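Written out below as structure tokens is the structure these notes cover.
Think of it as A, B and C in the order they're written, each chain with its own count starting at 1.
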Amino acid sequence: MESKAAVTMKNITKTFGSVVANEKVNLEINKGEILALLGENGSGKTTLMNMLSGIYFPDEGQIFINGKEEVIASPKDAYELGIGMVHQHFKLVDVLTAAENITLGQQGKLNLKETTAKIKEICDKYGFDVDPNKKIYDMSVSEKQTVEIVKVLYRGANILILDEPTAVLTPQETEKLFHVMRNMKEDGKAIVIITHKMHEVEAISDRVAVLRKGQYIGDMMTKDTNAAEMTNMMVGRTVSLNIKREKPVDPKPRIKVEHLTVKSEEGIVKLDDVSFTANSGEILGIAGISGCGQKELLEAIAGLQKAENGSVTFISDEKATELLGMDPRKIADMGVTLSFVPEDRLGMGLVGNMDLTNNMLLRSFRKGKSFFADRKAPKELAETIVEDLEVVTPGITTPVRRLSGGNVQKVLVGREISSAPTVLLTAYAVRGLDINSAYTIYDLINQQKEKGVAVIFVGEDLDVLLELSDRILVLCGGKVSGIVDGPTADKNQVGMMMTQIGGQNNG
Amino acid sequence: MIDLVSFIPRAVVQGIPLLYGCTGEILTEKSGNLNLGIPGVMYVGAISGVIGSFFYEQSCGGNINGFFAIAIPMLCCLIGSLLMGLLYCFLTVTLRANQNVTGLAMTTFGVGFGNFFGGSLIKLSGSEVPSIALSATSSCFSKSLPFAGKLGAFGKLFLSYGFLAYLAIVIALVCSYVMKKTRVGLHLRAVGESPNTADAAGINVIRYKYVSTCLGCMIAGLGGLYYVMDYACGVWSNDAFGDRGWLAIALVIFTIWRPNVGIFSSILFGGLYILYLYIPTGMDHMELKEIYKMIPYVVTLIVLILTSMRNKRENQPPESLGLGYFREER
Amino acid sequence: MAKTENREPFIHISKRDVLPWYKSVGIRAIAIIAALIVCAIVTMVLTGDNPISIYAAIFKGAFGSSRKTWVTLQNMSILLLISLALTPAFKMRFWNIGGEGQVLIGGLAAAACMICLGGKLPNAVLIPIMVVASIAAGAFWAFIPAFLKAKWNTNETLSTLMMNYIGIQLVAFFTVVWEVPKGSGKIGIINQNGNEGWLPQIAGSKYLLTIIVAVVVTIAMFIYLNYSKHGYELTVVGESEQTARYVGIKVPKVIIRTMLLSGAICGLVGLLLVAGINHTITTTITDGQGFTAVMVSWMAKFNPIFMIFASFLIVFLNRGAGEISTAFGLNHSFSDILTGIILFFIIGCEFFITYKINFRKKNGKEEKAS
């Protein structure tokens, strides 16, 4: 076994401030093997691999490469040790060609002919299909990814890390990728693929290692396990959180989404024929692996996202209103009080450099015919929020960027619910929050539900979704995988639905 | 009909300072630094050369050695403009100051520096001469090949210039080659387009920004030197250099960041600059010459608009142009 | 600078949270004092005079007589006005360095009215027409780059720069068209005999009008930026276009509206320069103040009240340096050198306000320092 291990990570710990991303993780990566690194969002997979590729430096622990202890302080060190990582966000210069990007940062005389020849050689060897003279901006996402992988191989990497490579690929492209991955494995390379798609793990990996909440749970040979067991290890046993859940009172359809299809700017289908109804007085949880269309779904409802097809209808007691194709201002002008707590709190929901009062003003500055903005009401609102939600801040004139994550979120949620909305959209409302702040947010959301608001709650922690939601809509790759009843839902079942349409093992 | 044989050489000598400034600024902008201090740098380059040669001429009476007469002003010019480049880099790269503000401050300072020493050099050095007229030095700079005059129109069109004119073209060609064909050029382009990516690939972003900006300033400084030593025959007069520095920045846009295109465009701009002398406006319509002078700027603006409309990626300014780079902000 | 080659960089630079106001003021004060010392040393080297008398000469140049004081205040008002004009654009992160051109075009419009309509209309009609024409002309000059930015995202730094030179040539063109006498290349004093279109003197002072306008615009701009809905919108656009869209602010509309305002005030400055102060127009009437104003506005962190101090500092030095150069028979560009030095120090000191430097000890622990 000793000679087979390309990488051995021992007792790796990494913290960011008070958040423990990895805690005493042990991991072995073998030559000639494809290892799937499995775990939910935020379980520390990417952080762990970033330490291997020199982006982060571990707080504790040791890394052995081919049996020798090494210090990896920069991406350059990693390259020199033959470690190459393909990130989710490609590191490519758009106006350069594939060949130019691949040779970027190398030493020696620039000889693009030679580079091109070597790229061709690599492509032939492993079955890639890449045009070295094509500019990156002309490329599809999958082509860009191929360039990244070729770049890594070009530099002589023997240990390849692919961070969720299939998230951006079509099934056909994924199949192509798997084909070359198998070829690389045959060539004796050690490959790590980060993913949370069960059928992919089964299709490609030899061995699977599972992380949960920063901790190493275990590993097993893929052929000896099955999707159910892996899901179990990944999500863990159901943890009771004691989040209050009242029975919805008199739910009525409020938001009706029909056949909604959204494409990203690059032309990738982000939402595919999504239909559902959100009721008043009810929390509709949205579960799914990150990047499965949650962001696009909420933004389409909030008037921030163009749709290819479909409709979003707001139904009030009197009439139905089409929301698609309108901007947030028009939606508000039509009398639809829609509140939105976006994922990017300081980049979208709030202005980091402005103080609390001015951030309250974002929603209300248009009020009144006066030329001047009324700051009296926002100031009072800011004071109320600070008091009611126990926001820790030196004062309401402090820029929100200086508050901690939990307090920023209280400010944002506090503002959004202050307008007495009929629909409340929240995206990852408790991400990065401490326990107490998280419970404050749950309470606030529950209060809204009791007031008859239709709440759409996009979450990532299944335990929370299971305890908070009345119904859970599961997204998988932009499609509706299914809608389950909250109180009776089974965590493993939801987990399976997140990774496979309908939750059936059809891979 | 315009007399091309007399027009083109004049357009060329007008164009050469622009070409220096343009090549220097392209080099700088390719690293992501928008140096609006180029007009100031060109003034500093010119006056540094003037100061060097002034003292050299003063110290050796009328007998100047041709080599020193060229080497001393050139060295002074390069040092002066290098210092300006270092100042810009220190402020914008190391101290991460705003590039626009720093550049404008450098232009204020540089133009002031040039005019101040141009106007006060004689008094400060306590010398007796009535004005700065470095005709001896100038004759070394503007010396053309001895047989150029005998070759008629061909000689006049291609061989009648001082060596700095040819050097400008050589530098532009070399820059063009380096940017397109060499690894250093590839890395430089990557730094200007996406410093994060370049950094991740192990390229020393800060060093590239420093070196290219300083080299760019030195090249631009030579433009100032050419103007005063060759074009103006060694006579310094305040503000005579005018807005050529800004025209050089305009030229950068016009050439869509390509130094080799700069060679022809600078001559074209130089031609437009003096076109009014050749188009007979008559004494009644002297005002039209001001309209002709406007053409380079209007054309540049149109090029800028067209490139942003067509949105073709190669023709855009370097993506990180004007933005500072701070690794931890990625 | 962090040495990237080292495994554990010795110096580590990180962004500060926020500095207490007295510290940030302190850092700037130290920078200005250091700059003044360097200026004095430079002056000493060039003139051989002692520093005390240099400072005395600077002060005398700015405030030596009541006329000098008035001129200082007037120049300061003009610089302040242009800075104020550029500020809303900068706050929106729109780099309007086209102040020079916008002022000139405003002035050109005023001059055109004076020349073409002077004598045909009474001042009571002519002056309001000039006011409208100047403001409209300046706004139009600013509208072009704003439209290009909103429509095609054309780089505004470069387009406003080009607009400056197109404006300058336009003025040069009309200077020749209107030159008096023919062939002189100058317009000379317009309507010298009848004073048609000259802005009125206030309380018998020819300086007061500009100063009053500056005071009014400063207060108005302060209120506009801090209390109006427009001011709020443009700040949000400057901070984050994403947030602006999230709350339904139409970004292109805000860009164009803000630049129209910016250009309008520049146009007004052009009117003051042509019809109030110089009574003529030349291509150099703005004297580079469109560029200086960029720096003033930036130094003042886009705060109209701080801008008063920043423009005072620049004009004070300028006038003082003028005095020194006259006294020692030096060139008047001396003031540009001193201005440059002050600017470099202030630009540089921002770093110490925004960032903090941590010196890392061998064991990897960081020690705080600033």
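Note that contacts are C-beta pairs under 8 Å (C-beta built on N, C-alpha and C of every residue); 3 or more make two chains touch, one makes a residue touch a chain.
Only a predicted model underlies this, so the values are computations on that prediction, with no experimental measurement involved.
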- Query: Hey, how would you classify the chain contact layout here, line, ring, star, complete or other?
  - Reply: complete
- Relative to chain C, the most remote chain by C-alpha centroid is chain A
- Item | Whole-Å gap between the CA centroids of chain B and chain C | 27
- Message: Centroid of chain A to centroid of chain C, CA atoms only: how many Å?
- Response: 46
- chain A: which residues touch two or more other chains? none
- Query: Within the complex, which stretch of chain C touches chain B?
  - Reply: 1-2, 4, 13-15, 46, 95, 97, 148, 152-155, 157-159, 161-166, 168-170, 172-177, 183, 288, 291-292, 294-295, 298, 329-337, 339-341, 343-344, 347-348, 350-351, 354-355
- Message: Residue numbers of chain A touching chain C in their complex, please.
- Response: 71, 73, 302-304, 327-332, 340, 342, 344, 347-354, 358, 361-363, 365-366, 370-373, 375, 399, 402
- Item | chain B - residues contacting chain C, complex | 34, 36, 87, 90-91, 94-98, 100-102, 104-120, 123-124, 204, 206, 238, 243, 246-247, 249-250, 253, 286-291, 293-294, 297-298, 300-301, 304-305, 308-309, 311, 317, 321-322, 326-329
- Message: Going by the contact rule set out above, which residues of chain C touch chain A in the complex?
- Response: 7-8, 17-18, 227-233, 235-236, 239-240, 242-243, 245-250
- Message: Considering only the defined contacts, which chain A positions touch chain B in the complex?
- Response: 74-76, 79, 91-96, 100, 103-110, 135, 137
